[in-house]
Amino acid sequence: MVPTTSSTATTHDVLTLGETMWRLSPSLTQQRLEAATTLDIHVGGAESNTAIALARLGKRAAWWSRLPETPPGRHVAAFLRAQGVDVGGVRWGEGRLGTYYVEFGSVPRPTQVIYDRANSAASQMQPDDFDWERLSGARWLHLTGITPALSASCLGTVRRAIAEARQRSVPVSFDLNYRAKLWTPAQAAPVLDELAAQASMVIAAERDVKLLFHLSGKPDALLSNLHARWNQATVVLTHGAGGSTAFDGSLHHAPAVLVSSPIAIGAGDAFDAGLLDALLDGKSLPEALRQGNALAALKLTMPGDVALVTRLELDALLASAASGVLR
Amino acid sequence: MVPTTSSTATTHDVLTLGETMWRLSPSLTQQRLEAATTLDIHVGGAESNTAIALARLGKRAAWWSRLPETPPGRHVAAFLRAQGVDVGGVRWGEGRLGTYYVEFGSVPRPTQVIYDRANSAASQMQPDDFDWERLSGARWLHLTGITPALSASCLGTVRRAIAEARQRSVPVSFDLNYRAKLWTPAQAAPVLDELAAQASMVIAAERDVKLLFHLSGKPDALLSNLHARWNQATVVLTHGAGGSTAFDGSLHHAPAVLVSSPIAIGAGDAFDAGLLDALLDGKSLPEALRQGNALAALKLTMPGDVALVTRLELDALLASAASGVLR
Amino acid sequence: MVPTTSSTATTHDVLTLGETMWRLSPSLTQQRLEAATTLDIHVGGAESNTAIALARLGKRAAWWSRLPETPPGRHVAAFLRAQGVDVGGVRWGEGRLGTYYVEFGSVPRPTQVIYDRANSAASQMQPDDFDWERLSGARWLHLTGITPALSASCLGTVRRAIAEARQRSVPVSFDLNYRAKLWTPAQAAPVLDELAAQASMVIAAERDVKLLFHLSGKPDALLSNLHARWNQATVVLTHGAGGSTAFDGSLHHAPAVLVSSPIAIGAGDAFDAGLLDALLDGKSLPEALRQGNALAALKLTMPGDVALVTRLELDALLASAASGVLR
Amino acid sequence: MVPTTSSTATTHDVLTLGETMWRLSPSLTQQRLEAATTLDIHVGGAESNTAIALARLGKRAAWWSRLPETPPGRHVAAFLRAQGVDVGGVRWGEGRLGTYYVEFGSVPRPTQVIYDRANSAASQMQPDDFDWERLSGARWLHLTGITPALSASCLGTVRRAIAEARQRSVPVSFDLNYRAKLWTPAQAAPVLDELAAQASMVIAAERDVKLLFHLSGKPDALLSNLHARWNQATVVLTHGAGGSTAFDGSLHHAPAVLVSSPIAIGAGDAFDAGLLDALLDGKSLPEALRQGNALAALKLTMPGDVALVTRLELDALLASAASGVLR
Amino acid sequence: MVPTTSSTATTHDVLTLGETMWRLSPSLTQQRLEAATTLDIHVGGAESNTAIALARLGKRAAWWSRLPETPPGRHVAAFLRAQGVDVGGVRWGEGRLGTYYVEFGSVPRPTQVIYDRANSAASQMQPDDFDWERLSGARWLHLTGITPALSASCLGTVRRAIAEARQRSVPVSFDLNYRAKLWTPAQAAPVLDELAAQASMVIAAERDVKLLFHLSGKPDALLSNLHARWNQATVVLTHGAGGSTAFDGSLHHAPAVLVSSPIAIGAGDAFDAGLLDALLDGKSLPEALRQGNALAALKLTMPGDVALVTRLELDALLASAASGVLR
Amino acid sequence: MVPTTSSTATTHDVLTLGETMWRLSPSLTQQRLEAATTLDIHVGGAESNTAIALARLGKRAAWWSRLPETPPGRHVAAFLRAQGVDVGGVRWGEGRLGTYYVEFGSVPRPTQVIYDRANSAASQMQPDDFDWERLSGARWLHLTGITPALSASCLGTVRRAIAEARQRSVPVSFDLNYRAKLWTPAQAAPVLDELAAQASMVIAAERDVKLLFHLSGKPDALLSNLHARWNQATVVLTHGAGGSTAFDGSLHHAPAVLVSSPIAIGAGDAFDAGLLDALLDGKSLPEALRQGNALAALKLTMPGDVALVTRLELDALLASAASGVLR
């Protein structure tokens, strides 16, 4: 599916687009948001999280979006640039930066996410905002099911992106990333179904595909069902502590890496990065699943939304896991 | 025992009185107090913790005490008002705010509490400090065994409170709350015994009643023994991870809710609030135990002394526990 | 203008309504917002700032608004309750809490305010949201020119509030509070002019009335001009380091209190509180100006948006200023 | 007055005794104590502040007191030991560590000190607590007028200390250090007068001697008056920005060193240390005044109560001041 | 001297090279380093500070150095990338990141800098480390007198850089930046003299040229003297509060912008950036001095080493300064 | 091996020497060093960690080293003095303080240590730096295998220390403390072997002796093997969660104390302190192992490098462990 060597003509290994926000969390450990006096700023967005993790592993990653020309907007761009992501395609303009509050819980109190992202600059993204011609220089396009939930113009932009990529034979991965706080299953299902059917690879949480498409059964059956449903796209399912599985005609499974004190945010985006990085390097799908799981596990040990991991660290974890130390 | 509907004549659902302090803990996680350079301020007092949790659940709660007219004193009153507790009955005056230091440990190092509460304004509370006539407008009086340990005048105030409540047929709950740093078992036992015998409901930790009254045996036997000893008062025992039990003629038990990383302070006060809230709503004693356990569990996930919980969150936990997810 | 003694029938000394937000500022002194990693949370809103300062001075103050039923919304209500403001009239609902970022500068770098308040719950306030009958129990209504800038329904609410107050002969103070980031002078002038003309007292910064109404000249002339323009309303002008002046037929002036390191936010709201508190106590307008200036000066020494001042502290400053120590 | 070389028989250059406390201040700059959520811990006590500054300059300093055997008590002892003060004479025992809250203001809001030191372990100091024989090995005894204000037994201890020193011909310096929050001028004057009259050197703020002894007039007259009153003791007066003066038969004056942003706590104690250090080194009284002023100025640039200054830094400041750069 | 339009062939507006370090300062305001418990991390280096300020103003800036492949090394690169500086020419390798401690003082306590930079990776820079051919694509080379002080190989690298630039007719600016903690005037003078004589523009503090070259007299005479000494290079002198002057055949002067609370680090580097940015935009030397002064003033209001300033902010300050508001 | 009572002639119970550093760790829990903005300062060094723990338990402990006369150097000395360690033998001089960065991980991300200790003042320690005659007053000398790895002169100093101790019949304990970041097993093995053979007691981690000396097998065999190899020295092996074992002719074992959330730094040094303290008190080797394990466990609950434990706390843990509660 992916050319095993980078064509000399390409300028980017992965191009992605979406919304990135300030994530604000109480600075005091386990403090309730309601009682907070200080907030830590993190930068998070599904697609940019993936882009950063890829850039740190050496991939040429670009992220497109709309950002407001304000200190928070500049902060986000600086954060991505710092990690090596090309933000040259970002459209700067009016508006606000989307924010969201996360209050980390601990059993039995659930972690709570409160979005304050309506009417953000990013949600006003338009299909004509970007220079699609640049897709010709990209080896891969990565999209998620969050963007189409943000606004009609965002949905239009995602449709356009897929069409432009397909026209140029650029493979498209699509992570369903269903967000119950943005739309209902009934609203989301037809849209995500339509987009997934045009992707070359679809990634989703098992529980989401069951909820959205009223499916049940074991992963094996789910995978082959979805593979057929989405025009033979490679389908990847994540199962939390159950690891990940994939179907590309054959069935593959990789176990999860045990994490002692998970900071449960951004793991799926790191998984996507680990997966894509491996595939872009010409590795096999099972190897890619294993790398996705490993990168997700490392992310879960860090307070931010992003896997700040080096190739060396990732390889070391994979090696130790391979040797049977980790399970 | 509790009228199932709030009489139109009442002004408060629960009235309580006691001492509330500044709790000072090292800001740096797991730091020893001896090596601290910064302290976090929390506000804590058994009775006000209960009052706050009740107020957040919608009960009209009032807290009486003596507070010094100083920044720390005003800080405490502001904290209670913020959470909806009526502090209009507080007596303002001279003196110091009691403080206490808590150094959180982790196995095998025990958490250490260092009281600096002697001669506080609250310890100088007098029986004549309060307008007992207001008790006529209260549906419930809640007291604890900490107050009588503070001073002779505090003991006198508690005796007076119980007498005034009984005279008006206001039910009285009494949480023994034995504090080994304030008095010995030999000092405490006769006083707590005397007061418990006048309450309509007595709440205690199993280990405390065993220690104080030289009892042993299983909860069932303890409960019926104490029920008889204390003039047929409803008796509630807490057993830590063993949940809680009660006897009001019949025996009831509710299992504890599992907490992954408990911050072990204030759980008993939250339990009392959950219990009283349910009883005031006309729920059954077993339901009240379950709600007490759930609120205590939620408190244990928070850094302060108080259960900053909404009705929605409490109900959600009870629902999930009921459905078997939590155990 | 104000009855010198509180009628036994009144329930509130001052009622006010408006929007209150989270103000987020970099925790590190002088840090740029763009480079911040941690934000301090403050609660600020022109009207609630005034209400809090009044409540701390012993006035029965109420604040009406719309707040979202979220942790940030509850945080705001708790902050006001803590300081003694009655928030029982707040309408709880859907939506977001308005926020704004403040980056404090120092010469020659100006302090920068970035609003993120569009589409807040408060901006969706409706004229029918409140029980106007309660105005009958209020001695005073205080409004500002910020609220009408927020939305058409907010403007409608302000119009309704003035009408309801006039109908009940409740005096109305109106602080123009022109905010250039919310509307242009051309948009604001007719609206503020209309509202000012119905108030019994209008408060404004000298520079704002000049800008809005294309006026020039010395304060004396400005004041009598505006007094005439606004149907004989008492007019109060603030002049920053030049103190404040007023005209109620006679001309009054009070010098500013010197502040060594001003934290330039919320001073005008504190001025309003000091002024109203004095007038409600039956003091003369010159005395009220002096108290307004003093409370504003004290606010400028504090990091938040609010004058956390006691009556004792305010009186001490006025006494020292009277004795010539301060100038 | 002081032997110019240290006798080989001496074990300490300066011995002092008094109370040392935890000083707790809001961590957030300019925050009101009432609104604080975090407190910085500093260690402060007039006598130990002086002892620390002396130890840092190379003098063998010892501090005697009572400390509680608790984490706060150990924290204080560790702080002094860290800076080289001998705490071997401290009596460890029961009780609480005195604390005090400091809320730093800025013009026009005054800095506020709230003592919470009643019934501290130190206030229970007894004349027999210490091994007075050790005074034989000391070159100097330094006392302040705070200790006699703490309790009758503290006063007794100070009387005993002076008597023991005089018996051994050890010079005694006595800093009046009048604290209005501990006693009234009427209570303090006779006690301080009695003690000053037995000292070889008395240090005081000009405003205090005027207030206590109903004196007025210029420093020159004050000094010679007090010199006579106190049996020819060397008298040193501090005048804030007016520098310091002294009279030992001749009159001496040293100007203050300008401080741009003074943190106004502990300056007097640092002055004492600079003065004593110079005298113990055999320098002249004018030189000692200059060094006292310089050390006080350096203290005023630091957040804690203590002059954390090296000999090199002190000499550099004195050199630059001498060269006319500082004034 | 500078081509007024950017040649289409150029890839960078300014290329610079040097050492960048972690600057560690006590987190608590005015705290002594000796008593610190927490340190804030800033990234600072004369040349990278200039590069960052230029990149933020829209110039294509590149920075070359050696960085260790460690977390601190990656942190530095990320910081530069975040601000838009091209770090593609950095050589990654073994070794340590240079660090330095800064303890901010306040009058009369001087700010203290403690270098811990010996044997850093950067100090092991070699003339052959870089691809000098890339200089052909640069419009300007900027160097400072810090680098030659670091090691013999660093001096060799600077010599090589100048030679390579001259060979390609790339203008070279050289900021003497004499650091007394790195070498003595006697060591520095011949080296700096040699390098300055090959530059097209030399920038220096007035006090440094006087100290190094045993000069005295007024700026005018100094400037023409140095202009002659250094082969007609444009000479720019900075005079702190006295502003800056320059001589390029004619004499120019620009006054400093008043700064109320300067954070005295990195101002010279910001000055260089403001100067170069203007010259690269084809502005006159007097305009460039004014812009340098303005950018330096803005830097002095920020806690880090770098001028985090936007073009809009810089222009606003220049406009207000031009209109006479600032002086 | 140890005289059971302290000879009146001794001045120190334990003398040790080595390098102590600043340990810098991200302040934000679990934060990556690469992304840190603030660092917590801790003071750590194997030998001084042991000395501090011993001093806190009442032993007279002295620590020798070289420290730079800088704020970081003084900070280290103050930290040791605070805890009661005699630093009078430290040699003050030029140079830098060694530092090291610790980034705490959590499974599966390993904790990472980055040394920046090359060329530290301590690494320049010379055999003639110390007054070896003072060893005559010491009851015990404690050394580790870190010091010989720092430099040739450090190795020389360790050799000299052992020789001087042996000459005076002072028992020597030697903790191998192999540090893979300082030297390879091939480099370390002969040196450590040589030094161990001269010690009266050798302490090592089981995994280190296996790695260094190519040994394998069960602890029992290892111990008797090493006992023979090192001239009948008492040999103590630590096994992490497996507790500790020792052989002094007989074989002893003590189980580890369970630690719930270990902060894995400094445990070995605390073990050494617990062991030596017991032996110096004349306790048996099995008792000493138990005390070492207990002190190590307590250390693991604290954020710094040092066991800040009181005798009371240690005894309480030993008592509870003895009673079977802990295992």
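Remarks
Labels A, B, C, D, E and F are assigned to the chains in the order they are written; within every chain, residues are numbered from 1.
As a convention for this text, contacts are C-beta pairs under 8 Å (C-beta built on N, C-alpha and C of every residue); 3 or more make two chains touch, one makes a residue touch a chain.
Note that the structure is predicted; figures quoted are calculated from it, not measured.
The fewest steps needed to get from chain B to chain D, moving only between touching chains, is 1. Counting only chains that touch, the fewest steps needed to get from chain D to chain F is 1. At the chain A-chain E interface, residue numbers used by both copies make up over half of all numbers present, so the two copies contact each other through mostly the same positions. Seen from the Cα centre of chain C, the chain whose own Cα centre is farthest off is F. With chains reduced to the mean position of their C-alpha atoms, the one farthest from chain E is B. Interface equivalence for A-B, evaluated over B-D, D-F or D-E, points to D-E, where over half of the contact pairs coincide by residue number. The geometric centre of chain E is 46 Å away from that of chain F, both derived from CA atoms. Distance between chain centres (mean CA atoms), chain B to chain C: 40 Å. For this pair, chain C with chain E, the centres built from the Cα atoms lie 47 Å apart. Shared interface positions of chain C, i.e. residues touching 2 or more other chains, are given as 29, 32, 34-35, 37, 40, 78.
Across the complex, chain D is touched by residues 29, 40, 257-261, 263, 297-298, 301-304, 308, 313, 317, 320-321, 326 of chain C. Contacts from chain A toward chain B in the complex involve residues 28-32, 34-35, 105-109. Listed in rising order, the residues of chain C touching chain A in the complex are 24, 27, 32-41, 70-72, 74-75, 78, 96-97, 99, 101, 103, 112, 114, 116, 118-119.
For chain F in complex with chain D, the touching residues are 78-79, 81-84.
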